[in-house]
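After this come two complexes, each holding subunit A, first together with subunit B and then together with subunit C.
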Partner chain A sequence: MSTSTETTGTRAPRAATAGRRKAAGGGPRRVRRLSRRDKIVLAVMVGVPTLIQLLLIWIPTLLSIFLSFMRWNGLSLADIKAAGLANYAYVFNDSPAFWPAVQHNILWLLFLAVVATPLGLLLAVLLDQQIRGSKIYQSVFFIPVMLSLALIGIIWQLFYQRDHGLLNFLLGTAGTPQAVDWFGDSSVNIWAAMVAATWRHAGYVMILYLAGLKGVDPSLKEAAALDGANATQTFFRIVFPAMAPINIVIVVITIIESLRAFDVVWVINKGTNGLELISALVITYLVGEGQSIGIGSAFAVILLVISLVPITIYLSRVFGKEKKP
Partner chain B sequence: MATNEDRSAFGTPRPGMDRRTLLKTLGVGAVGIAGIPLLAACTGGTAPGAGATTSSSLTFGSGSSDDVPKAAYKAVTDAFTKKTNITVKTNVVPHNDFQNKISTYLQGSPDDAFTWFAGYRMQYYAAKGLLAPIDDVWQKVGANYSDAMKKASTGADGKMYFVPNYNYPWGFFYRKSLWAEKGYEVPTTFDALKTLCAKMKAGGLIPIEFADKDGWPAMGTFDYINMRLNGYQFHMDLTAHKESWDQKKVSDVFDTWKALLPYQNPAALGMTWQDAAISLGQKKSGMYLLGSFVTQQFTDKAILDDIDFFPFPAIAMEGQDAVEAPIDGLLLSKKGGENQAARDFMQFMGTPEGQDAYAKVDPSNIATAKGADTSSFSPLNKKCAQVIADAKSISQFFDRDALPAMANNVMIPALQGFIKDGTVDVKNLESQAKALYAAQ
Partner chain C sequence: MSVTASTGRRLEDDGGARRGGSRPRYHYGTHIFLSVMAVMWLVPLGWALFTALRPKADTDKYGYFSVGGAFNFDNFVQAWTQGGFPHYFVNSLIITVPTILLVLLFSSMMAFAVSRVGWKFNITLLIMFTAGNLLPPQVLATPLFEMFKLLPLPYWFSDSGSLLNTYISVIAVNTAFQIGFCTFVLSNYMKALSTDLTEAALVDGAGIWRQYRSIIMPLCKPAIAALATLELIFIYNDYFWPLLLIQNGDRLPVTTAINNLQGTFLSNYNLLAAGATITVIPTLVVYLLLQRQFVAGLTLGSSKG
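Up next, the complex of A and B:
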């Protein structure tokens, strides 16, 4: 979005000046700030990302919106038939997984916001102290962010497996009928999945906050200490507000991660039986053998609309600030 | 179709399903899909013109990418080349990719012959004109096959499209020693099955082992109760959505199943079929309704030799006539239809000679042609083969007989819900089916 506004932004004044030049024969405000070469460089630097954005994001988005009103078997283009709102009717009325998925996405967001993100912040604050081996701890907590989907699946399988898993073993219930069925019990498995997601998310948030903490001017803290503030007061009244830009990024990331939540759930059971999520539904209906492109696109468009809310708020804040001098 | 791929997947995700795929799908969505034909065109690997007109070579696309089946198909092509001097260029594609991209593969530049399954998805592509009919081949190999095999190889238009290679039956597997020790007898009726289950439960066993974390194994139970209650043809009509889901016949299936639910492993939703097989091997459970691939899990020969099998008991219709035995075999692409060498290859696959070449390397399945060498069969394999040979009709398993979207996206959650609380909304099944089949 940002790039497209920039292009129109740069082009418009130029056109305006050109027009004025012809009409008035050159006025006093004709100042050339950019050389010819600058302009070419700028055009390339703005144009290439814009093209990539168009190709990879905007055209597919528009096509998805188009396809969500169509029925298509994915074979030849001639098979595309108009479906009106049928795909959306299917999503809202017929698909038993949709409303649970919405609820789970909201639950996911709350869990990340209340548990995972504060946990990441806590880790960052702790590791920001001058403790020994801070780098090692940082790496340990950050590793989950870098692991591949398949590996995560295996790791959590080892924890949660009903009869041979570590967790039931520690609880002393492994192999007994009382063993908790972490994956199969639909009232438990969403929590198990969210704990696994927290394990990744907290590391992500930690790294961002660590960077943020490094950026806080130490003289602020010193001033607070001179004024007699204790550590808690210093953190919540001085340091945390000073990290406002990072905080906004974290809020957006938390929301987006909760909408994108997918991998852990997919590894467990492809998003069925208590683990329904909108993103998993999109994949179920769009990729592979169960392909039903119209319905999958409808799910994707709904996810897009929901995602637009936080994105719009974020962008309006960012651009709102830019307008103020 | 999920059966084949998932049975070796051990609960790990599909290869290629990583964050990047996710992004591509969420963000790139339609372009990703539109781009697949191009990719398929690149990776299809066919040498244009190599096989189209001349009759001395053909290309063969194989989704059998695991070591053993891969080597087995190589043995087949080698035997064919040796016999006819026709060279075969084989392109092996990882089976998940092969199955997921079959639509674009067939529309791009497919190989002349390729591996696939009998059932709805074969008929579907045949009806779309992407396959070549092979009635001429069947005239030569038809005598090698039973009527049930022939029925399973026929397209919706009545023409022949498919050459069966091997299959494997679904049934109840159990440990002979356990049954002999406790004096259990093989039930042939549903009532006898229920009595036996009650007896086993009283004896502290889980009567019927069951696993449905992956969703598809429960379809086996549904299919069998449906076929025993309403007949084979109803199964075919229901999976083709010629019959409505919202009718008494369908709710009767679930009502009948309800009587078995208390005897099936209550932890099924958290288990994979491999977990369940282990528990059968440990004599914690009495029997297990699954495909004969369950034996892959018993690496201990003593246990393997102790495994026996019986067909699903009769309920109301057609006795035990129908058997669920998914068939794998070969199809001819539209382009391959013009290549006589490819037709010769299909014919070779339909002979005992060709199937023996395969079975020699991969003996875990049952060859489908009459006269194939059975001398190396274990007693269990012989029994499996006998049950299939005696079958009046062969079903392909729900996810091969039905529209894949119906099987994967609708039936899996519905069956899991049923296993959880014993309820299912057939009205909703019908409205979902209507929408999904309409899009085809």
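Up next, the complex of A and C:
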């Protein structure tokens, strides 16, 4: 019985599919009929990745929120005690590292937004012209993008080192008492770390904008030139607005990179002594002596809440228009 | 088919120089600026390489800011053996290769399901996947660490009695994180493929798996190649998860292990520089051979709009 219905069942939709396809002219397509086997295959295709995502990303994220309201030393599940808002009270009022970390995260964001990202855009605009050696320049600026931030920390450590680093030599202070320990001195190390981060970020932005600039219709520029606009006007009034989709991506990447800044400062001094960042505080409280899981989780939740801003902007930008129809 | 052709062209364009009609212009100012920037860009790397090539005895004698003395690869040899690099590179390989394969397998299946089969939760799932990839890893580090620590495992499976200190923990977390990004990229790519392709297959009675395996996946080769290259660099460069999940120094991948060299080599900056340079080499190989794929992967993720 079931076999016969299935075979007739397959034929009918086929005819319907062909007919509808002609009528709709190949509009958005759905699979009209799925066999039981197809359904199982689909369930696996969707189920396994979704399970991985839930288990290793979203459940831990929810647990972070849960743990931020608890007091726990991380040893046994039975030791978890409710703490109310105590962890947050501690973070906001008593934690010596929290407000410096917030300041540093904001500074990091501003530095990337004001220095690194515009530098990347400038490089992209210059290299997008038909100049000789454009490929070579691109390759040079691109090298740091392929390096890990941890390695970047070490490479710049060699450059910044107090007695043997190149920078102090170039400044003429090497070996003198004025020599600055760029990564060690808490008054300058955040700036030194941000310069190292810029080394990578600018190249990344450059690559994305180079792709974006190639996507801009050349006739727009020609039309602007015919109307008497100079290069600067053409760029700011025509080209830059035409790259709106890429601009959003760059804004989001810049914000997220500044929240994710962790590797560089951890390599330098584990995020202490002038290099406090919220992300580093989470880990300090996790691996530290006190094992105050609750306080570390409160830092994680603060980081989460801030991160949701750029994530929401990005998602609404990317998926917003798909949801409407 | 026209869609695939145009996506293919976009991939090629990203790395290629443009040949164009307008008259040649001379950009002296631009060249000066770019040259200065390029030199500044190369200085930190050049300094590391320069230091690495000089024996410690010579830098002690002549100073680091000199060109006196010998230049050779002794530091590299010493760093390679003393630093335990062969071991760390193997660890990197053990972590990176399975992660890339798993990420591409899962994300291509997921992308296929959400982009080629219409059903209710497509967008919701895709949003969940994309958002997960954008979270700072530290947001979920603590619970993941505790989950892995408290999950008891038999000792024949893991000598730590838990998931901590295993390659599997790092592979699993990296896979989960990267699936989001790759699903997003691949689903956009698959959406751009003509619907007629799978319609025709459907008429021929091809099931979902055949459509995925024999029709869609072969057409996604450019995107898969780009993503594989990108993920290779991402996973190789991952510092954080092994730092958190692997305490046993013997199991660290090279990117996380080099941090320990600062302690091992103490204040021997020549050795440290050589170690850092060795770590760059795999990246450099990818850079030279697969730069186009890498750039294509980076821009694929952002060109949606």
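Assume the second predicted complex is superposed on the first by the 252 of 325 C-alpha atoms of A that agree within 3 Å, B and C clash if a C-alpha of one lies under 4 Å from a C-alpha of the other, contacts with A are read in each partner's own complex, and residues count from 1 in each chain.
Rule of thumb we're sticking to: a contact is a pair of C-beta atoms (placed from the backbone, for glycine too) under 8 Å apart; a residue touches a chain by one contact, two chains touch by 3 or more.
The structure displayed is predicted, hence computed values, not measured ones.
Peer 1: Which holds for A:64: it touches subunit B only (first), subunit C only (second), both, or neither?
Peer 2: both
Peer 1: Give one of first, second, both or neither to describe whether A:240 is in contact with subunit B, with subunit C, with both, or with none.
Peer 2: neither
Peer 1: Which of the two partners, first being subunit B and second being subunit C, lies in contact with A:272: first, second, both, or neither?
Peer 2: Touch status of A:272: first partner only.
Peer 1: With the two complexes superposed on chain A, say which partner A:88 touches: subunit B (first), subunit C (second), both, or neither.
Peer 2: A:88 contacts neither subunit B nor subunit C.
Peer 1: So, does A:154 touch the first partner subunit B, the second partner subunit C, both, or neither?
Peer 2: In the superposition, A:154 touches subunit B and subunit C alike.
Peer 1: Between subunit B (first) and subunit C (second), which does A:111 come into contact with in this model arrangement: first, second, both, or neither?
Peer 2: After superposition on chain A, A:111 lies in contact with neither partner.
Peer 1: Which partner chains sit in contact with A:74 here, subunit B, subunit C, both or neither? Use first/second/both/neither.
Peer 2: In the superposition, A:74 touches subunit B and subunit C alike.
Peer 1: In this superposition, which partner touches a larger number of subunit A residues, subunit B or subunit C?
Peer 2: Of the two chains, more subunit A residues are contacted by C.
Peer 1: Quick check on the superposed pair: does A:139 touch subunit B, subunit C, both, or neither? Answer first, second, both or neither.
Peer 2: second
Peer 1: So, A:98: does it touch subunit B (first), subunit C (second), both, or neither?
Peer 2: The answer is neither, since A:98 touches no partner chain.
Peer 1: Identify the overlap between the subunit B-contacting and the subunit C-contacting residues of subunit A.
Peer 2: The answer is residues 55-57, 59-61, 63-64, 67, 74, 148-150, 154, 157, 260, 262-263, 266-267, 279, 282-283, 286-287, 293, 297, 300, 303 of subunit A.
Peer 1: Enumerate the contact residues on subunit B facing subunit A in the complex.
Peer 2: That would be residues 1-2, 11-15, 17-19, 21-22, 25-34, 99-100, 103, 107, 128, 213-215, 267-271, 275, 404-405, 407-409, 412-414, 416-417, 420, 425, 428, 431-432, 435-436, 438-440 of subunit B.
Peer 1: Flag every residue of subunit C that touches subunit A in the complex, lowest number first.
Peer 2: 13-14, 17-18, 20, 22, 24-25, 27, 30-31, 33-34, 37-38, 41-45, 47-48, 51, 59, 64-65, 106-107, 109-110, 112-114, 116-119, 123, 125-132, 134-147, 149-150, 172-173, 175-177, 179-180, 183, 194-196, 198-199, 202-203, 205, 207-209, 212, 233, 236-240, 243-244, 255-256, 258-259, 262, 269, 272-273, 276, 279-280, 283, 286-287, 291, 294-295, 298-299, 302-305
Peer 1: Subunit B touches which residues of subunit A in the complex?
Peer 2: 55-57, 59-61, 63-64, 66-67, 71-76, 83, 86-87, 90, 93-97, 148-150, 153-154, 157, 162-163, 181-186, 260, 262-263, 266-267, 269-270, 272-273, 276, 279, 282-295, 297, 300, 303
Peer 1: So in the complex, the part of subunit A that touches subunit C is made up of which residues?
Peer 2: Interface residues on the subunit A side: 10, 14, 17-18, 21, 26, 28-32, 34-35, 37-38, 41-42, 44-46, 48-50, 52-53, 55-61, 63-64, 67, 74, 77, 123, 126-127, 129-137, 139-151, 154-159, 161, 164, 166, 169, 174, 199, 203-204, 207-208, 210-212, 214-215, 244-246, 248-250, 252-253, 256, 259-260, 262-263, 266-267, 278-280, 282-283, 286-287, 293, 296-297, 300-301, 303-304, 307, 310-311, 314-315, 317-319, 322-323.
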